[in-house]
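There are two complexes below, and they share chain A, which is joined by chain B in the first and by chain C in the second.
Right, the complex of A and B next:
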């Protein structure tokens, strides 16, 4: 896999995010097991793993793209698509689950036309299911960005969503 | 060598250190079933079918190294029950449609179920869902039949260094897929088909063209012309129970005529022609010291590999079309003209040991005036299926012969089927052309055999030395190209066949299951058939083929002439690496 350095130079010198990622790749490219930290870095910087950047990782670290994709799609921490402007995280921890938070997820999914892990086509919302948010007293709970909504019933959903529109 | 002593089912066994329990058992006539294990290729230990009992534990024997004093049990109730459960679970998540499955009776999962006497499947749960991937011109993937053994992934990655497929997602959603779940046709896949050869089940197979070919044969308006590649004749018989590597050239031509093809030609003729064109090209490049090393272009999987991964070396590829495409081009021009047939009425079919040829047949640049050089490509397996469907008693059919003008070929054309054949054939001709002397010993032994990389040097009479390297398997090709780019190796000529062993073990050949693959050297067995055929032929040098001489006189003029370029040469495209 040639042209490794060239691809790294594709990062725009004026793009500080790109430069941060480039530096991190350079530091990790010869380290065994360097892939996962690199993917974490990219996820943190961009909020997801952009295709072009993964191609660069493949080239510069000499790791086949299929292998990178395998790792990226294995861990739920990584996202292969950009997240929406607002991230909805519905708790599926035991307490919330018992109080049927699944029904809340289903309702949001219906309202937005997406399923867990997806982002609406207008890029506004991403729907995620999370483990315990530590607000069991308010179950079932969800967070939209950093705002918490508790004691939810299905019918609350449209109104709450409209607040973010 | 360190020796390890242990017991299997009470039998004392001695093996070299490092031997797995599975290998040791098999070498001693003890049968342990396996599924994901593929010798030298796949050791994922993913399926757990090969469980054995060691002390209180059940362990997968394919990845368990034998140790001194170990007491292994392979046939206890516990072992049998565990293996049965493993297979039952596999079957519960499998699209079970054996009756219509392309791999029925040649499926390792089916044989396992039979071997373990599985009569019902107690677990019925959700089954993995996935659409049939028909995006590739050559290969169909059925994720609902995939058992996630990983044999295709190891083959594509470690053996071929293409890395078109891998595991994606996890848990119940795990699947074998190209990156981003793209269609295989939209990836770096070279269409070599080696993943098909590795797959134990019906999850990977060629895109069939049997229906298209029957339709053409039935159409009274069409003139259906077929040609068969060198490697087909040493493998087709296997589909009819004949010994591996048996030569069935006469039976094959007879069967093709019975199937209703109007003319039956030999691709070996195209191979002889390739030698004339490519040999001349090599001599020219040597003279001009330009675009060296010359890289062979007969293998469409190799060509696509270069287009994706080494697009800075496209000028090194020979501009020659592959033998079958050359012959296809001549069938619709020279031959059609000669016979007074309207080329538009011709349906040109090739029988190939290869699935990449299906992709090649579809390449836009391989045709003229809107007519494709080759219309349909069938694999050796598909031909066998047609012969069976037609009820032809293959084993008792009387031998027949190819027809002219593309029926007469030399031994040089035949050996294209084995790795090293192109180089040997080219050397036979180049030597004589440059020296004007007769080459007495035509067998270049240094380029024979199944090793992945073989080098040779031949001194020509004009003082020039040709340094050639013969490669089979794409990971080996990658190694050689990287060495050339790094400047550590220098060659004048590179022959590459993508399939390990060359076309005799191509992706369209009869499938050999993992057990037989362990026991026999199929590459050598089929190659022997090829070299036997070479030896049996009166003429063994391409430029001595009387029909080749005639073709140049009547139509092409001389090798690399203007007319040759119009019909027999092509160009390549740069493709994306991702």
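Right, the complex of A and C next:
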């Protein structure tokens, strides 16, 4: 058995997440340009890119870990650290920015006691600023997980956050 | 046969404001009333008028209902679908005239529009290929495969005068011809759906509303240049578009319209979706190709151009979504038809995403040569809240700000460049008197600094230096020398950056310096932000004459910066004030000014 196959067997057979990732790597390891789809899958499954999983990807796809790190750190969609249970993404695209979405970020930051890029100490919320969610008709907009909140004013913030508490 | 059809917008804007809950509620209500076999409910793509979402249109009357809520559904069903009366309370006020429902073409927002790329958006169910087929779907492909030679296809596209809708405006037919020329064992067709310009969402709406038209056009391109494999590179931030594209690809394969032996002609073409991962620079074609190859999305020097050496070193044709959306219409209606729309050098229509300080935010498609005034006032409905129109930003971070005095300029590729902006992908952000132009320039530079890939020094270091100068100015610490420095840096970055991102990055600064120099000077010399945006230059003050001494401001201030006693006098302690503006919004007497 090759080293590559060996590493894929590191995934615990009883861990469904690991098995899902393993299957995806097997399907994509010989596809041209398959690394980014694999990273997307890992991020989908775990919410971030765990280091040990990237090691496995490196061995099984025969790509040096430095190169994987280079790719993973280049794209803002990928995260090398775990995120909070709920991810708040406030849009700072132009249409939202000119309608003062900065005030929404400031207000959330004040409510939760964190700044952009941070996670609350209880691991509940991560606050992120994002560039254009494409819902400019509803600006200013934010997303919490998959739910979109539009036409926001500062005073909406506490009530919306309490929905997730 | 259904007696009525209800179209519900399933675009991103309306979905975000709950249109799928409305669809569910409507279906339940129809079932409850026992008329679910008489009334058909269809989820479509974007109608364009996102400001009024969620939007519902009921045919045959064509009644346009806006801002519909789940609670409205029983009444809507009772009145319109059972009793046959228009529910006036909910109908979009501009679409009704003395009890008569106007056709959508008569409504201000739609009157001056011409839908070519968006032809099927808001009309068909994007998840059902049969509806696309019923609207001439795949007829262009059939025509091309059965009656035209590849070079005839290319000559039609050249003759139409179509130019790339992604930003640069390169002639599409010429690009196809250049990619058709080289002989290679493998060529690729790529669709650039990495719509990263903040404030632009037309590509997303096309993919969500009419995904098949892009697939069909890519196949036609593949036939024309001799490629059998296509990639769609799309932002991961667009989940609905990704889902609908996947559905469309699967359905097209099932129908023999994609894959091997297409339409029995022996032509073979396959399309694969690749997701972006949040890097603006990947909208640049060579960076995008690196990303598809699984690498960091950094641009490559040109030449060699993708037409000769693109994906994995093979000849590659890369066009933007909206460009593809025009192809099937050109093939079916003829190059002359298309060339008759628009201006001398910019043919056809362009989709713009209207956003910012404008009443009708949403998606509009207009013939090239329409003036900004028509777009902003006739279609966009003007500036809300009686505010004064100040500027419009086009072309995103690569474009510029067009001042109010140039509002009568007809919009096309060349006119926009001549006034220091550019078409870009078609974002149009309207700014009013409350927006600070120095801050807008700073906003774009901040964006560019974040998104610069770091490969070439002028862009990586230069944009950071420009940002630092702009931040200094917005803090009130700028000098007049800084303006010269900004201009010098801008010229150097434009001349020496590797790719389009860096070469156009200084545009927002140059255009605001050109048209709004006064505002820069106000920040530097007078230490004032005329629009009241730059916090460091603002002071919140209480107007003693208007103040009723109620103390509400003091109680709502989060940092206790307002001092005083009820029925006496209140003042803002400027050292403590964090300039959040809470006092100003809370004061019932408008007694707090920011200056």
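The rule we apply is simple: the second predicted complex is superposed on the first by the 111 of 165 C-alpha atoms of A that agree within 3 Å, B and C clash if a C-alpha of one lies under 4 Å from a C-alpha of the other, contacts with A are read in each partner's own complex, and residues count from 1 in each chain.
In the analysis below, a contact is a pair of C-beta atoms (placed from the backbone, for glycine too) under 8 Å apart; a residue touches a chain by one contact, two chains touch by 3 or more.
This one's a predicted model, so the numbers in the text were calculated from it and none came from an experiment.
Of the two partner chains placed by the overlay, only chain B lies in contact with A:69; chain C stays clear of it. Contact with neither chain B nor chain C is seen for A:152 once the two complexes are overlaid on the shared chain.
In the superposed model, A:21 lies in contact with neither chain B nor chain C. For chain A, the partner that touches more of its residues is C, with chain B and chain C as the two candidates.
When the two complexes are overlaid on their common chain A, residue A:106 makes contact with chain C while staying clear of chain B. Of the two partner chains placed by superposition, A:114 touches none, neither chain B nor chain C. Look at A:33: by the touch rule set out above, it reaches chain C but stays clear of chain B.
Contact with chain B, but none with chain C, is seen for A:55 once the two complexes are overlaid on the shared chain. By the touch criterion stated above, A:132 is placed in contact with chain C alone, chain B being left untouched.
Within chain A, the residues touched by chain B in the first complex and by chain C in the second are 70, 74.
Taken in their complex, chain B has these residues touching chain A: 153, 157, 163-170, 178-180, 309, 312, 485, 577-578. Those residues of chain A whose C-beta lies close enough to touch chain C in the complex are 32-37, 39-40, 70-71, 74-78, 92-95, 97-99, 103, 106, 110, 130-139, 141, 148, 150, 154.
Note for the complex: chain C touches chain A at residues 12-13, 15-17, 50-51, 53, 195-201, 204, 236-238, 274-280, 291-298, 312, 353, 355-357, 361-362, 393, 396, 427, 429, 431, 435, 440, 443-444, 447, 453, 558, 580-582, 585.
Note for the complex: chain A touches chain B at residues 1-2, 51, 55, 58-59, 64-70, 73-74, 80.
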